[in-house]
Amino acid sequence: MRMTRYLPYVLGAALAALFPLFSGAYLEQVAVGMLIYLTLALSWDMLLRSGQLGFGTAGFFGLGSYAAILLFLNVGVHPFVSIAFGGVVAGVVALLVGLAVLRLRGMYFAITTLALAGIFAVVLRNFPGLTGGSEGRMLPNCIYAGNTTKIYWLVLALAVFTIVISEVFERTRIRLALTSIRNDERVAKSSGVNVFKYLVFVFAVTSAIQGLAGGTYAHVFGFVSPEGSFSANFLLLPLAMALLGGVHSTWGPVVGGLVLGALSEYLKLQIPYGHLLVYGAIIVVVTLFLPQGLMGTVRAWWRRSHVTRGAQ
Amino acid sequence: MAVLRTEALERRFGGLVAVHDLTFELAENEILGIIGPNGAGKTTAINAISGLYMPTAGRIFLGEEDITYSPPHVRCHLGIGRTFQLVHPLVDLTARENIMVGALFGQHRSLRQARKTAEEIAAQLGLERIDRSVSDLTVLEIKKLEIGRALASDPKVLFLDEVMAGLNSDETKAALDAVRGIRDQGVAICVVEHVMSVIRDLTDRVIVLDGGTIIAEGPYSKVSADPRVIAAYLGEEE
Amino acid sequence: MTLFRTLRRWQLLLLLASLGVPIVLMLWKPYVLIEGLQRGGLYAVIALPMALILGVVGIINLAHGEFMMLGAYFAYWMGVYAGLDPLVAMIPAVVAFALLGAITYVLTIRRALKAPELNQLLLTFGMAMVGTEFANLMWTSQPLKPHLSYVYSSVALGKLRFGTYAFIYTAAAIVLLVLLQLFLRKTRLGRAALAVGQNPRGARLVGIDVNRTYLLIFSVSIALVGALGAMFLTRHSVFPSAGSPFTMKSFCLIAMAGIGNLPGVVWGGFGLGIAEALVSSFRGYGGWADVVFFAVLVAVIMGKSYRRQTA
Amino acid sequence: MSLKGKAMGLRVWALAILVVVGAGFLVAAEEGPIKLGAVLPLADITGAQGSKAMQLAVDEINAAGGVLGRQLELIIVDDESKAEKGAAAIDKLATVDNVDVFIGGMSSGVHLGELPALKKYERVTVWIGAASSLVEQAVVGLDWYFHIHPWDYLQGASYVEGWAALQAEYPLIKIHKAFWAYEEGAFGTSSYQGSLVAFSNWENVGESFKSALLGGGDYRAVLRHAQEFDPDLFIWVGYAADALPIMEQAAEIGFTPPLFVGSPPGWPADFGTSPLADGVIAYGMWAPSIKDVSPVSQHFWDAYIAKYNEQPATYFAPLGYTNIYVVAEAIARAGTLDKEALITALEATNYASPLGETLTFTPSNLIQHQGFRNQKILQWQNGAQQVLWPFEYATALPAYPFTGP
């Protein structure tokens, strides 16, 4: 009974891990990009489950990138240690920031997190002695000497780690706490939920994941720069992936990340000039016709077909 | 020995005084009614006692403990439970999970214990469709769910803010029985209600608020004859 | 005396600062004040239509800057093909973009209003992408800007020489604010829009056609931002990604002012413009202007939230 | 016209001979086209026109019989100006398309992300973009890596040389003080820092500004500081979107330095039509007017317009064209696609490019195969960019000093 329940997950994980056996370096590299964005999308959604719209994804991603690369270059630790350090720095900064700003709600919280990301980039740019200023810093050798298969496994580990954390959130009291905060904060408080503590906790954890993703990205591609590491792409694309896949669950952002990631690469090869136009149009159309996102639609369809079958 | 006691409680919003000089006690196993015309400060008083608004003056004691400035979740842990005037179910959770929230966070039960507690409470309240999503439930079921959620946090004091509103007479009767059942478990209850028959049948004692302060106190029969109370209600009706 | 008693201490400080800072600046670095007001006027005027949409229709329009960018292109090509000055092209731009706004509303926004709130973010994000890439395919990423000799007109007062044309943005912000306030407070349609913005369900109950109000406000806002694109073009180059920074800036200003607070958007714009100009006026510190922008933003938002809690 | 025809004729003949000679050495089994894999940002005009110019060159070569008796096949992948997309593009070209040579390139930030992938395959790479010296540090010791674009510090050194020559030739021009306004991103900062070292004999002051490309657009604070400093030469390093607004805002505050220099990677289409442009000095590698002194440039110009019905607006168009010809001629010279032979053949490159100069590969500070090292000093005169220096390509005399409107 228990075995069969976990079978799909085990199979999925095995399939993902064995992907390099039947793909080339190209698909691995594409998957690396997709998995990084998927990780960001999922972490963004994990915060959204508490009802808080965070716009700090790119900021903590960039912060983690810089922390990892600077520690690696200046202290010479193992890349893994520096990636973990990137996560810790992003998490600790988020914790401190969260203590100050998590009294804010709605778009006030959103814009404040966005502003913080802007501040990180400008501050890092203006200390060129340490950070390399506008040009950033480069790694003499990047992780695994560019071996795509190993890099794929590294990034897959990051994504799986995030999925596991997300599922832990989904299967423990954390889900009930976050959902109650999202649905009605006053009810949550009156029912004994320490709203502030949970929000700070989730904000720190998701930011730490974004920092880990940033550190990994920086090691894979071998450089950090204010323009590259804090690019708005690291906010907007994950956001689109999570929303398109369907929010408030683990599998929505995962599916959204895979679908949009694959779609963007496919369109690029089919329509070299103007693929982004088609990509944007697809986002618009999907939003209009599948308002619950891909997973939400699938779930609704599944439920409906189940109910009708039950009725017959 | 009073379970809950307030001393000269006050809550202002800017220049507006919503509640002032509110001093009352709630005894063990008592059902207290709070009545008063619209805008009398009933819900504000509950919000101040349950911690959604911090009092601007005065004190609140739960048993011996001063909870005047405790945050709302701490008050819940200490034993204050409440429902809301307009129903506030957690719409993305099932009925069972709604009740579990109270057990999980009010009493810090484990998931398994909370699930069991939810079942017991649902059975006690007669809430049958426990694994349905909230959108499928009737008004009565949602009200039961809200009471259940408050009850699951194992309160010493339970505030019921207009739970009977919108129920028909049979449903009201069922609800009254449920509330008495809760009292019999040793929970002191404070009901805010517009339906006077409910107050008459249910409460041991009534306090009447007008303009944010107490204008009368005593058994329903005595209070309902008080000319100040009648004046307050008449003032509302004109 | 009574005036001072009714003011709280922070209000007094704020009042003193808002009067004192400009006076000090006027004497010390007059061009900071002038250029700050001009720059802030541009931020403010572009943010106003977004504030209107957010306040009434209740959506964060991530394609806001892209509509402005398309307005600038519209004005540019009106100049090339019809010989219109961008400021004149604002008139046809209003018409064209009102239509574009109406079409956009009917085809997309209206359908998304019933969906979960965040879908509107994704929808307008997709629209922004479509707008940018459409411009890119049509006109490449090479910036365009017509030559206009009046945009660098200036006056000299003693040693101080400053540009006068850019006050058009300051003036436009104030005029647009006044017009919008008059519209929202004095006209039936405007009052209906306010009611819808505050409580759509209640507005529907008292017989207001909510959908039509949304359509109207959305079209008007897009018409305004399209026309402002033409005004933007007089002093800036247009290119496909020219609009997106203004989406962010506008959103920041609105968050700072609070939803529904149009005057706050304008004063906030002026304040941020002056703050940026002040930082930039110190040689070598221009790179910190963004930090000042964000710091002021966060400080104001935090300050307001703190006040709300203690009040 | 006839000159151009003759030059082209010569080129085609030379190629034809090489092709015939090369074909003689060819093993018959080597069939199919020679694949060139290009990675460019296609949504940007630099990448869009660069890729079109590459295709133009490939079509010309194929029409003339190809190389080594085989056709050239150009496979272009968009990097979307994102490092991870650029890296994936390299992997696709290497493993799916199995290209023989990597070409292309634009932004340094994207290229840094592509280098790990390129280092994995170690195939011959001839890159036209990425000027940051950070990239140079990353490609030290790679014998298969050829870099065509001048590094940032080479550009600085080139301008030192240019201004020295101009001052010597035209004694009226005197430069002691220079003010640098550079956009705060990597492009502006690295250009500025690369130049600072080179111009050590001037009194330099630099200040950054936010480019309109990234949401800026108010340059008046920087311009006022420049005005206070009263430089002999004012130079801004930014993007095309900054060009006209900077001129307008300088006019607004009455800032007219004797030398007003702009150094964007490309100029906006309308810049020449503005009276404010007159007398503005432009830094660059190429200008349309070079066609007046270079037959190859003239041929490129005409062929590009004939094929695409638009004018090349960025120097990445002639660079893309150059990229193909350099590789094609080297393959022809090598007579094989063998890596060592191809590297040797590329090292012997001597290509008269449409940018005016003849391209050869020589060592730079850190790497062995650096192509161009010189920039040009141009000036906007009557709506067109004229070459002032190097004198061998000069198309006009300098107008000095800059007077403003």
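The letters A, B, C and D name the chains in turn, as written, and every chain counts its residues from 1.
The working rule: a contact is a pair of C-beta atoms (placed from the backbone, for glycine too) under 8 Å apart; a residue touches a chain by one contact, two chains touch by 3 or more.
Since the structure is predicted, the reported quantities are computational estimates derived from the model, not experimental observations.
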Result of counting contacting C-beta pairs for A-D and A-B, higher pair: A-D
Chain whose mean Cα position lies farthest from subunit C: B
Central chain of the complex, centres being mean CA coordinates: A
Distance from subunit D to subunit C - Cα centre to Cα centre, in angstrom: 39
Euclidean distance of C-alpha centroids - subunit B vs subunit C, Å: 47
Chain centre separation in whole Å, for subunit D relative to subunit A (CA means): 37
Where subunit B touches two or more other chains, by residue: none
Subunit D, residues touching no fewer than two other chains: 43, 48, 184
For subunit C, residues that touch 2 or more chains besides their own: 133, 136, 244, 248, 287, 290
Chain contact graph, described as a line, ring, star, complete graph or other shape: other
Chains grouped in pairs wherever the two touch, ordered by label: A-B, A-C, A-D, C-D
Interfacial residue positions of subunit C with respect to subunit A in the complex: 60, 108, 111-112, 114-116, 118-119, 121-123, 125-130, 132-134, 136-137, 244, 248, 251-252, 255, 259, 287-288, 290-291, 293-295, 297-298, 301-302, 305, 309
Residue ranges of subunit A in contact with subunit B within the complex: 172-173, 176-177, 179-180, 182-184, 186-195, 248
Residues of subunit D defined as touching subunit C within the complex: 43-45, 48, 184, 205, 207-210, 212-215, 217-218, 220-222, 224-225, 239-245, 248-249, 251-254, 266, 268-270, 273-276, 313-314, 405
Subunit A residues touching subunit C - in the complex, by the definition given at the top: 48, 53, 100-101, 103-104, 107-108, 110-112, 114-116, 118-119, 122-123, 125-126, 232, 236, 239-240, 243-244, 247, 273-274, 276-277, 279-284, 287-288, 291-292
In the complex with subunit A, residue positions of subunit B that touch it: 50-52, 71-73, 76-77, 81-82, 84, 88-93, 97, 100-102, 104-108, 111, 114, 149-150, 153
